[in-house]
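Everything below concerns the one structure shown next.
Per-chain numbering from 1; labels A, B, C, D, E and F assigned in written order.
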Amino acid sequence: MSKIITLGEIMLRLSPSANDRFIQSDSFRVIWGGGEANVAVSCANYGHEAFFVSKLPTHEIGQAAVNALRRYGVNTDFIARGGNRVGIYYCETGASMRPSKVIYDRAGSAIAEADPEDFDFDKIMEGADWFHWSGITPAISDKAAELTRLACEAAKRHGVTVSVDLNFRKKLWTKEKAQSVMRPLMQYVDVCIGNEEDAELCLGFKPDADVEGGDTNAEGYKNIFREMAKQFGFKYVVSTLRESFSATHNGWKGMIFNGEEFYESKRYDINPIVDRVGGGDSFSGGLIHGLLTMPTQGEALEFAVAASALKQTIPGDFNLVTEDEVKALAGGSANGRVQR
Amino acid sequence: MSKIITLGEIMLRLSPSANDRFIQSDSFRVIWGGGEANVAVSCANYGHEAFFVSKLPTHEIGQAAVNALRRYGVNTDFIARGGNRVGIYYCETGASMRPSKVIYDRAGSAIAEADPEDFDFDKIMEGADWFHWSGITPAISDKAAELTRLACEAAKRHGVTVSVDLNFRKKLWTKEKAQSVMRPLMQYVDVCIGNEEDAELCLGFKPDADVEGGDTNAEGYKNIFREMAKQFGFKYVVSTLRESFSATHNGWKGMIFNGEEFYESKRYDINPIVDRVGGGDSFSGGLIHGLLTMPTQGEALEFAVAASALKQTIPGDFNLVTEDEVKALAGGSANGRVQR
Amino acid sequence: MSKIITLGEIMLRLSPSANDRFIQSDSFRVIWGGGEANVAVSCANYGHEAFFVSKLPTHEIGQAAVNALRRYGVNTDFIARGGNRVGIYYCETGASMRPSKVIYDRAGSAIAEADPEDFDFDKIMEGADWFHWSGITPAISDKAAELTRLACEAAKRHGVTVSVDLNFRKKLWTKEKAQSVMRPLMQYVDVCIGNEEDAELCLGFKPDADVEGGDTNAEGYKNIFREMAKQFGFKYVVSTLRESFSATHNGWKGMIFNGEEFYESKRYDINPIVDRVGGGDSFSGGLIHGLLTMPTQGEALEFAVAASALKQTIPGDFNLVTEDEVKALAGGSANGRVQR
Amino acid sequence: MSKIITLGEIMLRLSPSANDRFIQSDSFRVIWGGGEANVAVSCANYGHEAFFVSKLPTHEIGQAAVNALRRYGVNTDFIARGGNRVGIYYCETGASMRPSKVIYDRAGSAIAEADPEDFDFDKIMEGADWFHWSGITPAISDKAAELTRLACEAAKRHGVTVSVDLNFRKKLWTKEKAQSVMRPLMQYVDVCIGNEEDAELCLGFKPDADVEGGDTNAEGYKNIFREMAKQFGFKYVVSTLRESFSATHNGWKGMIFNGEEFYESKRYDINPIVDRVGGGDSFSGGLIHGLLTMPTQGEALEFAVAASALKQTIPGDFNLVTEDEVKALAGGSANGRVQR
Amino acid sequence: MSKIITLGEIMLRLSPSANDRFIQSDSFRVIWGGGEANVAVSCANYGHEAFFVSKLPTHEIGQAAVNALRRYGVNTDFIARGGNRVGIYYCETGASMRPSKVIYDRAGSAIAEADPEDFDFDKIMEGADWFHWSGITPAISDKAAELTRLACEAAKRHGVTVSVDLNFRKKLWTKEKAQSVMRPLMQYVDVCIGNEEDAELCLGFKPDADVEGGDTNAEGYKNIFREMAKQFGFKYVVSTLRESFSATHNGWKGMIFNGEEFYESKRYDINPIVDRVGGGDSFSGGLIHGLLTMPTQGEALEFAVAASALKQTIPGDFNLVTEDEVKALAGGSANGRVQR
Amino acid sequence: MSKIITLGEIMLRLSPSANDRFIQSDSFRVIWGGGEANVAVSCANYGHEAFFVSKLPTHEIGQAAVNALRRYGVNTDFIARGGNRVGIYYCETGASMRPSKVIYDRAGSAIAEADPEDFDFDKIMEGADWFHWSGITPAISDKAAELTRLACEAAKRHGVTVSVDLNFRKKLWTKEKAQSVMRPLMQYVDVCIGNEEDAELCLGFKPDADVEGGDTNAEGYKNIFREMAKQFGFKYVVSTLRESFSATHNGWKGMIFNGEEFYESKRYDINPIVDRVGGGDSFSGGLIHGLLTMPTQGEALEFAVAASALKQTIPGDFNLVTEDEVKALAGGSANGRVQR
């Protein structure tokens, strides 16, 4: 059991039931999620002491966000309380050739307006083994970017391994802004997770493959990976490779590079996809667990890919699986026979 | 059939089912409402051509708000489209001694950031018979206060009757700010709706009765009413009088003053209350219909009070009743026998 | 255990959830009910072999109606299969001063168009102890009236006790038509259930009390009862007496007359009413059980009144109670303490 | 923005949730639909002023039908009010090798019994650009067939383009009756939509291909198309071509013939199908929009096919998509990546 | 119509909605099922008089189990009433590579603790045509194993055909215990249903094929079948052959051996699977119907396989299909076109 | 913030929706509760570090129970994991004269079969301020009674205040058995909560008042209280006093005796009751908080009574209120005006 810190935003996700569209829906399911919160839940599910660091209002909607994390075993002691609103995202689930759709309504959330005084990062990082954040956190606001930097510095002071999921979000910032913020933060990072598109938009690397077209030919990624490791000194560069056939049918695998060797995982055919939101986060969560507990990068990656494939069969952002379930899939069959 | 204009904000109301509290809820019912939108729906239900004037984003959540109004026959041609977000309010329904609770998340909504150029008030008011707004609209933002003033001026230019529901909201502004904005707007108003508390907070009148205690002794209001009519030249001063016994049991009646005579309505015992949100708005809607179509202020008030009593037996903000149903209650029995 | 026959229509009832109005509802609960079907379910619940005689289409909606009856132990062997449609009624549940509302869509249902050849009434009545029908059955159509007559004749041939619930429905026929059909059928009736309004509209008796006003002064009924017993030779004349304070609060009791003595039951204060539809039918069902198994008309009536009070706390048309539950209420306290 | 008229019936569709069968369902989702109403909604979604012409009862179920149309922007000013019932169809959704099932209960609906006096077709057609109807409308009743003829004549008087979707329904009429009614109506038609089976059953053309077997070899249709255009002078003959692999997996494309050239669209693989009801109507709606606004028949057809492919991923009869969404699919990828 | 007896346990199945996992679910759907109860429902659906023999508590949960059977036409006259609890199983539905999961909580159920005196097997078997049980019944408890033996003996005394579905359940007993109980019971069996795994675990036969891998090469089964028929004198040995590609995609066929010839059925591709629980039971139910009513073992098997393929598209344990629906699939196309 | 320990069982409560009866319900709401677990949630809500001590299976249903506690901030570190089943209780909610009904299915649950080795009570009690248990815990099984004794002894060793809620449950043990177990445990108790009925059945005191009749005349309790304090040396004797008018309308107050003086609280009229299960537990939770943080027994009692009145307006076993909400009610008005 390691102590794992994540920093970011948890949002209220409002989703129509099943495949309903927003405009025909008369109720929304209440789901809680956010990149780093999702990672924290994964880590807690695998038995770690996972802390999610953020800020949430004192009112009941803020409390409900705290409770959602506690329910799945995440430690919420470092969540500052205050501010006015909980960020929201509306999410409708597509099917076949109709894509899922996300509408963000997160401006002005408590964490976007949080101050450094809301957090004691030295206390937070003390004794920690791992600190994970994503490119969404510094993109939320300049204040949040400052918090990210402070957290990274504290992590380094305390010898904590740092991972980032680059996760470029075009609704939150431009490519130029992203690079000006993200590139300086890379000095603190040990493990960098992100596909080619993220590498280009967040860090300025030139892409080689046509990601849109669903091409997951891993060769195309290798040069980028080598460059990234070289330029920023990452211990590991990691990416998922998704083939998008339709909103409900994807191919899914991953690749990892430890500066010396590449390892490419098994490929899963996910059909149907139940909910792909949080797929990348469940990959990060699985990877952190793998790198913390397994002897080789290959085993860590296989765990991460199996975990994230399972996630996409589960409604909601959180990956509600156990370590045993992931290992059963990573190590064995995907034939889906009933477990009695 | 008259042409009736209302100006304000329509919000997405998210409510747990039945009597669930926010923090135990895993789905929210999608309800649409807002003071003036609720009045528009009432007017449309009574057969008028009711326009709701506001601004809503182009995305699907904005569209869903437009659709909610169209569904009940409100004309949405004057709703400007743009901006980023739809205002939200979370509302849980109390019971017995547990009060209902509302959490607002409306800052930065499209209408709060709308500009005068979004609306052509002369076109809007042309041929209109009635313009209704509430104290919530100018409280949303300074921009919205400016829009209110422009709308009032245009209404007066076109000879439109203007009504206001004072509706003080302490979460939106202070008493001082309210008075500085509201008092100058009273020059445009013909019909002023508001209880003693509103009269004090929005207009600076000194209260006589203990509203908190549920005292609806109408005598206590009369002096205030006379003062209001005198000071601002209102043609009618009107108020509901609510006795709050519990969250699910209220007494309900109304009083109207035409500058000469007072009329006090029948009293209804509402038990159980199904949803009291929108009760005041349904009163305003009923009153507008009554004053437009009935010979005496007494008949208009009885219609308004019956309409708003019925509203409190209906889930949601909108008063989904017909003129016939209101008249059946106003004119007859409240014994609730099955209508086959 | 007696063999009890009922004849009538079972309909698909479509109801919005909780207190929603029709026009705001996006789903309907599927409920099955109909006067005589409800009586059959009550009798089955009390341990009798209860047969419901009707006609239903062969398609799945017809089958679902059959299944609803079988689920609660009603014997469906005498239900003819054929015809095109299952009758429907839409029912929204009121609250406080808002009445519940029923919209019928039952024209052309399979039973309304059934022929005498669909039923072998001698086989049906053979060995039966009781035959119950209501004024709704002959009102459905001339064909259904003919079926009612044939069933009554067969019942008399086989020495079966016959009860009727007069149940005048103004949407189905006029007072004049009702009397022309119902009066000749009274010769077959042993037990006549109906309030003053029914007695007037179906049989032509002049009312004494103001039923609309919720007056349940039992004295007002006694002369009518005596007249009814005298004119048609009923063994028992029975009525419920409802005081309607609101859609959710009623007083409830009953009166019975065996040609010699009157017995008036305890009075129950039903608050809240959960679903009053089927209240009268549950009274008939309880009365049949009481008269079949209890030594005095008083005990039978108390059982019937307690049964029908309980019904009004249960969603749906059927009275889903056991004999023990009814006896516990009839014989004891109504304090509603948790049964563990 | 064009003015588009449609004439037909809107029905209450009652559907079990998800894949439940009728007989296991304890609630029905309330969905509104009907061939021409579905087309009207599509046209309104693409920005046209779409009128749906029909007749509906004044009661709340009739009102709910009106509201469903208003909600999605359809103009309901020409809907006559009166009659007794709203037509119903029960629809359960199949999966894999289990087909979806529809049970109609539409006899005696308000539009089936409507009279010519209920509509002023000259007023309706004045200034209109397009009039669309389907073979269902005249099949409902002789009265409705007469209305269809009157509407077609008025359309021609006002120079309105007329389209028909042949849409043979064997539950409503025989092949012989269909041809006797439909063939004379073809003189008014400019755009004829229908597959080989419809062409045979409604118009008497001899089929070439085995439609049941899911053969969409477009060549088989060409001779029929040429014959149809020649015999009735259609400006366009159009058809969808469906390959039915299972209830949840279909191939889908379309073909159009302008009297000179054939154009065959892209083929979509729809897997899973969420709700195929309304697929043909959404094709008609897309085609009308395409022919009204696009330079070539090919572009119009591609829009129609993409629109109708999307429809089959959306629950309910209505095609709740925007023009932008359809164009994104028609012009680009169907890979279903999340739209953030 | 034959008289068919089944003996076993019916359980309350609690299932999260759609693809939700147990730990994220805030409501459970109430489903009723159990191997032999499912067979009884199938038989009732095909028009037989099907009796389910078991024991259930007198409380409401026990009654609800009885009602679930009655609803679908199963005769419950031989269900003994008493004992303390209804067995429960929790079942979550997987998707893609995530398997469905079952948690049993059935110890101490009424049938597990039933005594021989609870049943009069001679009365039960009198006039019966078929008696079916599965390997689950004797596995429940030693008492239930004794009941199974008594029922088999009575069946033989009355000349009733006996079928068994071997159905090994590792949570209920070991291979050794299973064989010690099951092998002696085989002397009463005419029709033995079970795959290779069951044959090995319940009867001690050595498997030839790798069932886990989804290999349905029917040749591998033939030797086992011959051995089984020889050793125990079965008239028929029957098995389904499932290819598990994922939790939502299976291949499905069956094989039967009458001691002389093998017949292998059509193969169905079930995609998506809606609910595979009860698939084997629906096969048994279909097979019983087929062997009772059809001329050849091949026709019986095709009916059984089609029935059980359909079952897997229907939520819940029960196979809610009609004989016509099964025959339509067995004899024709699986293209899933809408049935109107 | 104090450290508070509770010991007992948490059960899965399965409840039909709204007022549905068990036998008409097709889904059950998943609720978690149990006497001491409910107290723990109350204490956590008031800001204490509350530990719930019990044993739960490792499977997902056991995990869901743990998660339900974590969600509301209860520390689950001392919950042993193992055993086979989670106790269940079925609970339907009554209305008016129909009582709520509870069916227990808890035999053989993990905590009923737990061993002393599953818990290190010295570690658990170290540093604790308060230990609470109820008469249900030792009634579950002899093993659980032994655990209770061990916990009490450890509490005394560590100077922890001990409270008990006597809570006699006739389904779990007899009066004789209860007294033989409970009386010896009283030596460890500082605060004894229980009404007259409990005092009689658990401790052998002779009642003075007719509790069944809803008589809450506090005088009747005083002698019992004095006796209890004298005989067992309790520091406080406390009771709620419930007047049961119906299942949905109760009077509610409390009384406390500190060995010297009696204090009787305000009386609340709870109408409607939403869910009375857990009312007594919320009283205990409020009382513990009151006695730990407030200067007088009167203030503590008023807090407890207000807390438990609020509970009965909230669905589920847990009292989801904040300290501020309770204080607002205890100190002020119960008029239920909307909190905006």
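Simple rule for what comes next: contacts are C-beta pairs under 8 Å (C-beta built on N, C-alpha and C of every residue); 3 or more make two chains touch, one makes a residue touch a chain.
For reference, the UniProt names are A, B, C, D, E, F = Sugar kinase.
Bear in mind the structure is a predicted one, so any value in this text is a computation, not a measurement.
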Shared interface partners, meaning chains that touch subunit C (Sugar kinase) and subunit F (Sugar kinase): B, E
Copies subunit C (Sugar kinase) and subunit B (Sugar kinase) - interface residue numbers shared by over half, same or different: different
Whole-Å separation of chain centres (CA-atom averages), subunit A (Sugar kinase) against subunit F (Sugar kinase): 42
Centre-of-Cα separation between subunit D (Sugar kinase) and subunit C (Sugar kinase), whole angstrom: 45
For subunit D (Sugar kinase), residues that touch 2 or more chains besides their own: 18, 21, 23, 26, 67, 101, 272
Touch relationships between chains, expressed as pairs: A-B, A-D, A-E, A-F, B-C, B-D, B-F, C-D, C-E, C-F, D-E, E-F
Subunit D (Sugar kinase) contact footprint on subunit B (Sugar kinase) (complex, rising order): 67-68, 70-73
Residues of subunit F (Sugar kinase) touching subunit B (Sugar kinase) in the complex: 18, 268, 270-274, 309-310, 312-316, 318, 320, 325, 329, 333-340
Complex contacts: residues of subunit B (Sugar kinase) adjacent to subunit F (Sugar kinase): 18-21, 23-24, 94-102, 104, 169-171, 212-214, 244-249, 272, 276-277
Touching residues on subunit A (Sugar kinase), where the partner in the complex is subunit B (Sugar kinase): 14, 21-23, 25-30, 59-61, 63-64, 67, 84-86, 88, 90, 92, 101, 103, 105, 107-108
